[in-house]
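Just below is one structure, and these are the notes that go with it.
Chain nomenclature is as follows: A, B and C, assigned in order of appearance, with residue numbering initiated at 1 for each chain independently.
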């Protein structure tokens, strides 16, 4: 295997051509049905160039795939390309000189102009150089409402958070769980973040998450968010499920009124055959202010001594962000594309809503780009404790502010 | 008769026979893999971990000195404190129940049972299944809406309540049910192997003396199976300390953080939170507690014929020397001042050597 | 305690077929068996149901309509990334990892245990204690140091490296197992062999090994299960071409997004568990034969 690559490299130097076929191993954690279909689009496009996509799929993002990816890179035997969340996660790998500089590819492809919102490219940039390719946008800022649940309770489907909270008692009286909430820290923290943007407002949210201002976190705007969270906790008290998709299923079946969850929940509705507008409603920003945060996935390319592989890595980087691949990939994945200049007219209603918000520029940087994974994990632990127990709003806020104060 | 003395059942008996470097060269050569594993992988790897627990390593291991910051933060974190008390509860229950169930099953199977092979496979098969799915299967069975509780209610007992996984006070017992189910079969197997090594004459003699079956097990058989019990104990205990996958699959630490365990804290802070330093600090604390828990075992295993006070004094010196050694390595790794740790280490090591000599003399004369 | 001229179970023999003790004995065993079999029953019936039926909710109900689709899917159709060939993809890789790892780790550990019980040397107890401590270290904290060690000896990404890692992490418990077993083997056998002038290896192969069959069975059970079910080491220290089948199992069972196909999960687990299960069942006979072999030699 090694010998062949070396031989190939030697022939490449002689013929000075970069077009010969290369096997590139790609690590990612897209393993469920829709995700696998999406990644197949990448693989097919890459194989069509005459190269070979060697798939290294490993389910489970954080705890499972990350040590594997880092170990391979540290062990001096890296894969050709790997998925990571963009933002601050890969900073250290870049600083250690382990990641390939893609600036020339980005300049040739004019990424600075086509990537929208531009914060995505900033997440890939360190000291003016670009190290990753953003491939999609996912946003947490959505609430999903079940038409059936509200019909059963004899109510109209709410159009914003206040109307929703007002209808909670009636939903409960009709035997529904007003708010479905999977009992895992990341879901609870995500929902809390969405409520913070809607209730405390964008400025307060940015002050806490981007500037780590603990005074704002301990202040009156956030006090309102924690009060709302206590109310939401009561509404979610009868959710006995862990996984987010089980909670989504409660909304689909009309067992629950609503769920606050990212745009990936969309996939669950379409699998169940539900139609946006008639069976369910999607509300960005809780209907209060329509805004999206812009998390998502990106690909990084570990440094390799073999010039042949380096050339192939750059070729793949350019391919992942090319218009056709962006369209086919994001339609399969149910996520938004990273470039605003392509035709997504085949996307469904909710995705269209998202595209409009993006085009209008109502965007926030995602949590990944603001807080370190360490701080996020600590906040998630706090949220898990808060949502499942009877911690008071004031206590939770004090501990939250302390975490923000020590955030890095 | 030096041939006979080659074989010593107890460690301290080693003092009886002369030892030279080139005696039994084969035994030493054959032990090289073990020595390498112990010294390079376990000691080396552990030292590496301990050293990095004093660093501010995030995603990648780095040597930037932060002193005891990671430990201070660790002991201020509610989740860590809950994890420890959970593990203590789970550990004690699991140890007692697994040993009891394992032994009772083995004793039952050892009574010339028809279909022994079938029963043995039934008790052992859970061990073959991955923790992930063990967790899912038990999660379902314990689910109040469509599991056991529902089944019993359908049978007519309407007020029956059995919902351990959604109650913070009982969730650890829900995990225990699954953990024992998974692990007791192997212990049974080890116990059975041990029982098969017990001489038939023992049973004959017991019968002649009119000792009842249960009494024979308790008075004669169990004491004879001491090594087997020690093996089982270490096996169970190491499994308890490393308890992780089952919790992730069955409760994921919930409800809230009420079923968190230390290994999960270590792994999540290392990889999900990307704070290697914090994870290493937590794993160092786990290792320290293991060392402390193993002290009674070490006494039983190696301390025979030694007065308990001498043994404790020796252990204290060993621990101090170890701490001094670690301090030297840490100081060296971070290029801090070596003087203090080095002096401390040398004093402790000197005291230990002197004390060992004293204790050895004491055993020979006493 | 030299005479072990007897085969099979050693416990006191119950006399009559339908004695009160017998009824109690079998009754207890059958009751306990129910506890052990309940999850298996749930897994099997779930794996034979379609997803709509699973959503209905009764986990104990037998399938209204039996379907083998989940088993087919788990074995040969489930997708992990772009490869849609289920567990079958990694089966032979797993076998290739399993056999050398089990053989090497048990060979090393049995010799260790033998040396530690019969041929103690200065410091052997210290190494042994350290080894036991090693059993208590969570594997995950050792990932990076081992990556560095494997990189230094040039075995990173190699099957040989993985076999080495399995042998290292199997060593503490296995060594303890063999040491304690050999410790309880009658002393006279060893003495007699030494008087006859037998050396380290001859005593090991001709006397200790045949006597130790039951404990070898336990060791095989332990290692086959551990290595066959290992996911972490298999994926970190090798490459996609040699990934064991637990990588596919993890990808089937642990996928975060999308509908969870519980029937396929259960089928996949049962399929993955088949190899250890078959070995457990076959090993049963060796339990008895081990005693017989020991008796002949003794």
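We take it that a contact is a pair of C-beta atoms (placed from the backbone, for glycine too) under 8 Å apart; a residue touches a chain by one contact, two chains touch by 3 or more.
Treat the numbers as computed from the prediction; the structure is a model and nothing was measured.
Across the two candidate interfaces, A-C and A-B, the one carrying more C-beta contacts is A-C. A centroid comparison over C-alpha atoms places A as the chain most distant from chain B. Note on chain placement: the centre of chain B and the centre of chain C lie 18 Å apart, centres being C-alpha means. Averaged C-alpha coordinates give centres for chain A and chain B that are 40 Å from one another. Listed for chain A are residues 67, 70, 74, each touching two or more other chains. The set of chain B residues touching two or more other chains comprises 143, 145, 267, 270-271.
Chain C has residues 140, 144, 148, 250, 253-254 in contact with two or more other chains.
Residue ranges of chain B in contact with chain A, taken from their complex: 58-60, 77-79, 143-145, 166, 168, 251-258, 267-275, 278.
Residues of chain C touching chain B in their complex: 1, 3-4, 6, 8-14, 25-26, 28-29, 32-33, 35-40, 42-43, 46, 57-60, 108, 111-112, 114-122, 124-125, 127-142, 144-146, 148-149, 167-168, 171-173, 175-177, 180-181, 183-185, 187, 190-191, 194-195, 199-201, 214-215, 217-218, 221-222, 225, 229, 246, 249-250, 253-254, 262, 265-266, 269-270, 272-273, 276-277, 280-281, 284-285, 287, 290-291. On the chain A side of its complex with chain B, the touching residues are 62-63, 66-67, 70, 74, 89-93, 96, 183-184, 240, 242, 372-374, 376-378, 381, 384-389. Residues of chain C that touch chain A in their complex: 79-84, 140, 143-144, 147-148, 150-151, 156-157, 232, 235-237, 239-241, 243, 247, 250-260. Contact residues of chain B toward chain C in the complex are 3-4, 6-9, 11, 14, 19, 23-24, 26-28, 30-31, 33-35, 37-46, 48-49, 61, 105, 107-113, 116-117, 119-130, 132-134, 136-138, 140-141, 143, 145-147, 150-151, 181, 185-186, 189-190, 192-203, 207, 213, 216, 224, 227-228, 230-231, 234-235, 237-238, 241-242, 244, 263, 266-267, 270-271, 276, 279-280, 283, 286-287, 290-291, 294, 298, 302.
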